[in-house]
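Structures are listed in the sections that come next.
Two complexes are shown next, each including subunit A; its partner changes from subunit B in the first to subunit C in the second.
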Partner chain A sequence: MVNGKSLDPTWAWEPYEPSAETPWDTGAAAHLMRRAGFGATGAELEELVQRSPADVVTELVEAQESDVFQRQMRSLITASLATGNTERLAAQWIYRMLNTPAPLLEKMTLFWHGHFATSADKVEDAKLMQQQNDLLRSHALGDFSQLALEISRDPAMLLYLDSATNRKAHPNENYAREIMELFCLGEGHYSETDIRELARCFTGWEIKREKFRINRYQHDTGEKSVLGTTGKLGGEDGVSIVVSQDQTARFLVTKLIRFFVMDEPQADDPLVEPLAAQMRQDEMQIGPTVQRILTSNLFFSASVRGRKVRSPVELAVGFLRSLEGSTDAYRLASAVQDLGQGLYRPPSVKGWDGGRTWINSSTLLGRSNLIRRLLDDGKTRFGKASLKEHLASQGADSAKDVGRYLQKILFAVPLPDSALQQITQSKSGRSDKQLRDVVHLLCTIPEFQLS
Partner chain B sequence: MMDSQLHRLAALHQLAAPRRATSRREFLRSGAAASAVMTFSATAPGVLRAAVTQEPSNENILVVVEMAGGNDGLNTVIPHGDPIYRNSRPNLAIASNTVAKLNSELGLHPSMRGFADLLEDGQFSVVQGVGYENPNRSHFESMDIWHSCLRKDETRLDGWLGRYLDQVQAENWSDPGAVHLGQDKQPFALMSRDVRVPSIQSLAQFRLRGGESPEFRQTLDQVLESETESTGNDLLGFVQSSTSNAIAASRRMESAGTKYQPTKPYPTSGLGRKLETVAKLIAGGLQTRVYYVRIDGFDTHANQPDAHAALLREVSEAVTSFVQDVNSHGDGDRLMVMCFSEFGRRVAENASDGTDHGTAGPILLAGSRANAGLIGEHPSLSHLDQGDLKYHTDFRQVYATLIEDWLGGESSTVLGGEFKKLNLFT
Partner chain C sequence: MSRQLFAILLLSFALAVPRATGESPESADAALYPETTIYYAELTDPPALVSLIFDHPLREKIEQLPQYQMATQTPDYKRFLFGRAMVETQLQMSWREALDTLLAKKVSVAFDAETRSAVAIVRGKDEASMKLFAEKMVAFAELGENADEIRQTEYRGLQAYKIQDVLYAISDDRMVITNKPELGRTVIDCLLDGGPSLNDNERFQSAWKTRKEGELAWSFVDVEAVRQYASDPFETQINNPVLELLVGGIQSALANSPYATSSLSGDQKSLTLNLMTPFEADWIPESRDYFFGPAANGRGAAVPEIDDTLFSLSTYRDFSELWLRAGDLFNADINDGFAQADANLSTLFAGRDFGEDILGSFQSEVVVVATRQDFSETLPRPTLRLPAFAAVFKLKEPEEMTRELRRIFQSLVGFLNVIGAMNGQNQLEMDMDKIGDHAELVTTQFVPESDEEESTEAGVIFNFSPSVGFSGERFVVASTAELARLLVEAKSSEAASLVDNTRGSLNARVLQQVLADNREQLIAQNMLEDGNSREEAEAVIELVLQVMGYFDGMTMRLTPAEDMLEASFQVQVAP
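Entry: the complex of A and B
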């Protein structure tokens, strides 16, 4: 399947054991941190390779935000909400991604934001958007059944899908369709009758004064038949029937493989099924599923390195985190939105398609220009210092060493020798400006777009 | 499959009739392309060959001008000879001797000199009486109907142009299929499930920062030139050729930005500036098929005369300059501009020298291949629906014609039904 060969699913999901062929080195650690988080600094990578990959992944899966960090985020959110401006909200999320001690939790929150896509452009209520964001984070690595139920009663979601009222005389089919098509099963795994019947289960579910409630006068109490289950079903029953379909785990695992392992080709059934079966056994727990993916042979195999296109958020936040960078989060949030990944503003209920769709002539130039702007912005600091000082502190002060260092922290595939040569030949100087040119140049070449 | 076949056909056609020879020479003179051609024989890596062989686009372009707020169609295409018009609008009627006469009954608003000139040149048409069944008089709602072709009780996930892009998108498109010019919210018409449309404010977004430094540029070119085409990783191969195309595009844009001379200066209005940018993007050879611009302010409830005249002047001057400019740069026969608004206004004026929300209105088309003149009858002023004009042409008929006869798509999936086409182009 990778490189046209069919993969052995048993081998693929067996736990990875470092070997001479596939060593647990800084390259492997950087790969893990890029996919499971937003990159890591050189020092972090050196520290990670001292431990076993399994321990590192366990720590990633179990990591929680500290109380101090949570309090800090609370007050940032309160300040953002006071402006009522959803762009401020996007900025605080960027800040959270840049500084979180639990990067996988944040990465998964971003995953669910794209999965249960809801846009502030339509909801037009910053508070409800943040409430949904908090919900996604609190279940990001938790129980999918619970997450699906709560998102089905989430005010922002129901407003977004025009499902704030749902009367028995006119059942609204929109949410019923999307929970099956986009959230749990995928097209082709339900019928139009299932949609109509499920919509009847949801009658009476409504949003009043920004809160979910059940209007029992509007609930259709009759018998329904959804995906083969018949009874006087309510909304909770409906969600539970959909989530408990065998297909749900398959659908989610396929999407998680795409998110963590490779954009293309799409994982086929033989590869998906073993993980899906385990997810069902785990009663739809997300954390263990993610952990299995991140500790697998497939995940660490050389063939999946560089098999993903960096999303705009991954590109910008990853660049900064790898260089201990900090910057004006508001400007950065708006820049990633211009590149197609507006936080709190996914383009449609389908979320971001990712992969090749991130790339066209305008976004590629925009990506290069974004790195340049970050480098030239007076508010951007690297480890609280200038770029030159930071790189020097990492032992990279010549252009050649800078090339090597950036290869280690930022690149999923080897930099072409020619690139390193050109850079070392033309940029013999060591001024901050010249180093910024080197970094900008390396972040403009095609290899940088891959994760 | 279909798409790539079409592209191959288009390429063959270009070989047979290289009508954009100048642009191509100009393109080849630019750095990366030229140096790649010199070494083409044996050593030029495939990555760059792809960039060199990518022809500037030859396909038809649609530019949509949204006149937001509800344009007063009756004072745009004016039934100056009709006594009901003058009686309904004692303060707002435009005098018969000032309109740019189309015939004994109809004329264009006097501030639309540009459109009158275009019409004389056979490059302007008015589709009259355009609207839809059960008209909605809310700006938001009616605009959503025009953008999505869906009513409120239907789920709106994408817009008509977005669905067109979904239909025609090709894997080998390296340029965006559509571009929105402006800082405002992206028009819903461009929303698509599969295709993302960039919003750009200026040509600068197609320029590579740091590109002004010759040393940076040179090193980048050398690095890209020496990249060997990835064989093992399709994704890398894709990003490599996209990057080469992007750099080539940025070079064309730079050249368009500095060398490009409009035939005549554009008006300095907001719309004029946006359309000048579109002209540069077209001249730069982008493959983009649809451009979208918006001008707001047509909600003239009070003190309408000066405000409306200024808005119509801005539209007419900007669009006329644009069409003439694109014509003189040789791309006129593949350009069509469509100006629309979410509704017209009531026939009778109100007490504040303004007009309130109405229904049917005209769509204006400009371009050298427009079927010039009036298309369809002016809606009757004596057979009104509660004081409003009755539409006779569904806006989706105009869309269907644009999709099928101009952009080369299939309209029924885009519009959710079959709509009778009109005779809009020559």
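Entry: the complex of A and C
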């Protein structure tokens, strides 16, 4: 159901063909880049519309970080880990999001960070947190079965879930519960017995001196029965059984639709099932599933534009990337944390609730202040220049032109004429300060919160 | 920050601002400032200072740097050049010529306590030049956003201008600039009629006599008046143990001293800032005997000579006395902290009273040394490469205390290993070594995990191998075994440094090497902090390293002489 109407799943997942009603224009391209990345500049949007949407999405899905970029990021990570400070880690991730040549890969890494939520507040080990982050990135668009198996042996995850030890005499049920409830199946698709049995599969799995190991003497070698499969199952078998459930693909597709298409309402089974079936057919490959979503009629339909609330990271990184911005990554990481999205610090094992929960009277004011701080921060540059110079290079050197330009690159829904007129009339100057005021005012209106 | 500390820092800053010949019995400019002036500074020969800055060989070197050349291509620099060209066109002279004309004779500034306002007198080449500058200042202001805030008026036949809150007037070759009209009027009245002035202040007269030949700039602070106007900011407790150690004695001196002066001298090889204030040992209360020692005769120790010393500090501080007199020096909160620390440290030091028995076993002369560590042959190699550092003490009773301190260090290592094991950290492995008959070392090193033995990106702890060394009365506590070894074997420097209470020096060449060792870290930091690209960050760090290479080092001294307390800071330029 969208806007009170039932959706035809067949139509919804059919590849999008541009039409007079839903043209492939800069608005559609901006929508794609906001959802599948962190926004795009005006020049990038003009370039994107010269190609077909399918080609653009394929490029997004297949994009890889260059060797040079990876070396630079490795250097930032090494420097961040040298002091063991997780705040530095958050700053380098912000830097990566701002500069990555593979935005969808980074967006999906952020998605999995919220899905397999693990917080540095509890793990208290920057190296392990980054190790997990690297793991999420390496499988972000790959094989979910492999990702689930590796995350099940990830030291940061097991420490976070108090599952660093798991002895046969006292099986630790924490991870068994979370992999079924939060990572793969969702509530109501397993029993307490399944949890106990799965926990037995994981006995002997330990974290010792920051590394995963299997203590064969503590593994329960007896017969177990998990979700209808019986045998002398080990941890790998347990993960495989859970991932191979039909529900797993449904659960993941539902989350992916929410992440990429719309916060509300939650996709119903008829809408989810065709994509879930395809995912199972693709042996749980994530990339093709995401590609189907991003090339679908539903994704490009007018009904889902502006149907998501920007997360703090999307808001700040999107604002800067769209304006070719660079800034102090430490301050930015701290600011998004203040707005509720601390990188490497999700609030609980459930990750961020997202959607409307990002917005309240306090965070709304905080979001406005964040944009103001970014605009006024001496370290913030736009296209290596001042805001005025950057906007002028884009043909926007008056308040009115700035309104039009920002509408194109930053706004998911058309701005009310009255608001645009009021802002551009009240701020008619052309100095850098006046243009910053215009940009700030535009970014304070409610529509800016929507993606 | 406490009020009195703020006052000390403010005073230091104020003194740090401004050549007096020492021939004139009184200052010509001071004759124009009111008696209530509490701060006065002058550049007697501004062209010499301008020449020192602009004609220094360093300038040419910097201008030849590729990074400087790149900076001159930026829009900001081009805007600056455009603005400068506009000024040159308006004045019909080059900017350097304009500076030499405007600052041809002398510049002085003063702060008047009564009107709480500031005034400056700039003596240029001649009246015509100064009038030209005054008119052009108005012309430029008219181009700005506050053109409607420009006013012209007249006082006693002199044309005066007001641009926003700044007033200025021309009299002969002088331009008088102030932020309050009443002070401006007082100065002009003095200029035209004479009258009571700062020269009548006895403290200023005494200070004026302390000037030396060759000084580029000189300044004076009427400390006695500051104490009156600011309700004696030098009387209360500092309440910060580290700051107390750094400036406690100076605060006591300023609480009694009538005035303080600063002077700046320099040539193409070095630049020196001297701060001086009258000083009497009796002014230091008993509670701060730890700072200058009895009768203010405490002197720092000779520094052991070792290669690649990055930094050394030799000082006289009786830590035991400070610890035991904490009750007189700090407030209740700080003393609670001392009591808690005393209990914990006494436990750690096997029941020995920390203040009396441990700190009391050391003489009051202490040396702190930091050196660069060379990791080229060392594995595991830490990502962040820190200098090694050490403190060198003299033991009062070497024979007894060597045994005691060795045992305490062994206990401490055991304790750290227990704590480290609980937190999954690397363990310390201990070793002992005799060097001839006179010296011994107790060294430790962190044991790497099997998979990090060959690491070149190891953790920060691999910068450390905490060790102690004993050689006669010398006791060394070092962050690394290598430094402990070097220090127990090192000869001490000449006793020339023993006139100073505190003497510190920084070697810029070694600092450059330490920074270069951490180049990757610095680049990463710059990228994250300034949002720069890798290439931009590399350029910034290369510039920092290059510029660091233009300096030899820096020294600071704190010297209580018979009747003056002198602090000096000197920067040396590489040949």
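What we mean here is this: the second predicted complex is superposed on the first by the 451 of 451 C-alpha atoms of A that agree within 3 Å, B and C clash if a C-alpha of one lies under 4 Å from a C-alpha of the other, contacts with A are read in each partner's own complex, and residues count from 1 in each chain.
We take it that a residue touches a chain if its C-beta (ideal position, glycine included) is under 8 Å from a C-beta of that chain, and two chains touch if they have at least 3 such contacts.
Given the structure is predicted, the values throughout are model-derived calculations rather than measurements.
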| item | value |
| --- | --- |
| When subunit B and subunit C are modelled together on subunit A, clash or fit | fit |
| Partner chain in contact with A:D121 - subunit B first, subunit C second, else both or neither | first |
| Partner chain in contact with A:K379 - subunit B first, subunit C second, else both or neither | second |
| More subunit A residues in contact - subunit B or subunit C | B |
| Which superposed partner A:A54 touches (first subunit B, second subunit C, both, neither) | neither |
| Which of subunit B and subunit C A:A277 touches, first, second, both or neither | neither |
| Which superposed partner A:S348 touches (first subunit B, second subunit C, both, neither) | first |
| Subunit B versus subunit C as contact partner of A:A63, first or second or both or neither | neither |
| Which of subunit B and subunit C A:I214 touches, first, second, both or neither | neither |
| Superposition-derived minimum Cα distance between subunit C and subunit B (Å) | 5 |
| Common interface residues of subunit A - those touching subunit B in one complex and subunit C in the other | none |
| Residues of subunit A defined as touching subunit C within the complex | 72, 75-76, 78-84, 88, 91-92, 95, 98-99, 209-210, 325-330, 379-381, 385, 389 |
| For the subunit A and subunit B complex, residues of the former touching the latter | 3, 121, 161-162, 174, 177, 263-264, 306-309, 338, 340, 347-350, 353, 355-357, 359-366, 368-369, 372-373, 413, 416, 418-419, 422-423, 426-427, 437, 440-441, 444-447, 449-450 |
| Residue numbers on subunit C that touch subunit A, as the complex places them | 75, 382-384, 424, 449, 457, 459-460, 520-521, 523-525, 527-534 |
| Contact set on subunit B toward subunit A in their complex | 155, 157-158, 173-176, 179, 185, 191-196, 198-200, 205-210, 213, 215-216, 218-220, 222-224, 226-228, 232-236, 238-240, 242-243, 245-246, 249-250, 286 |
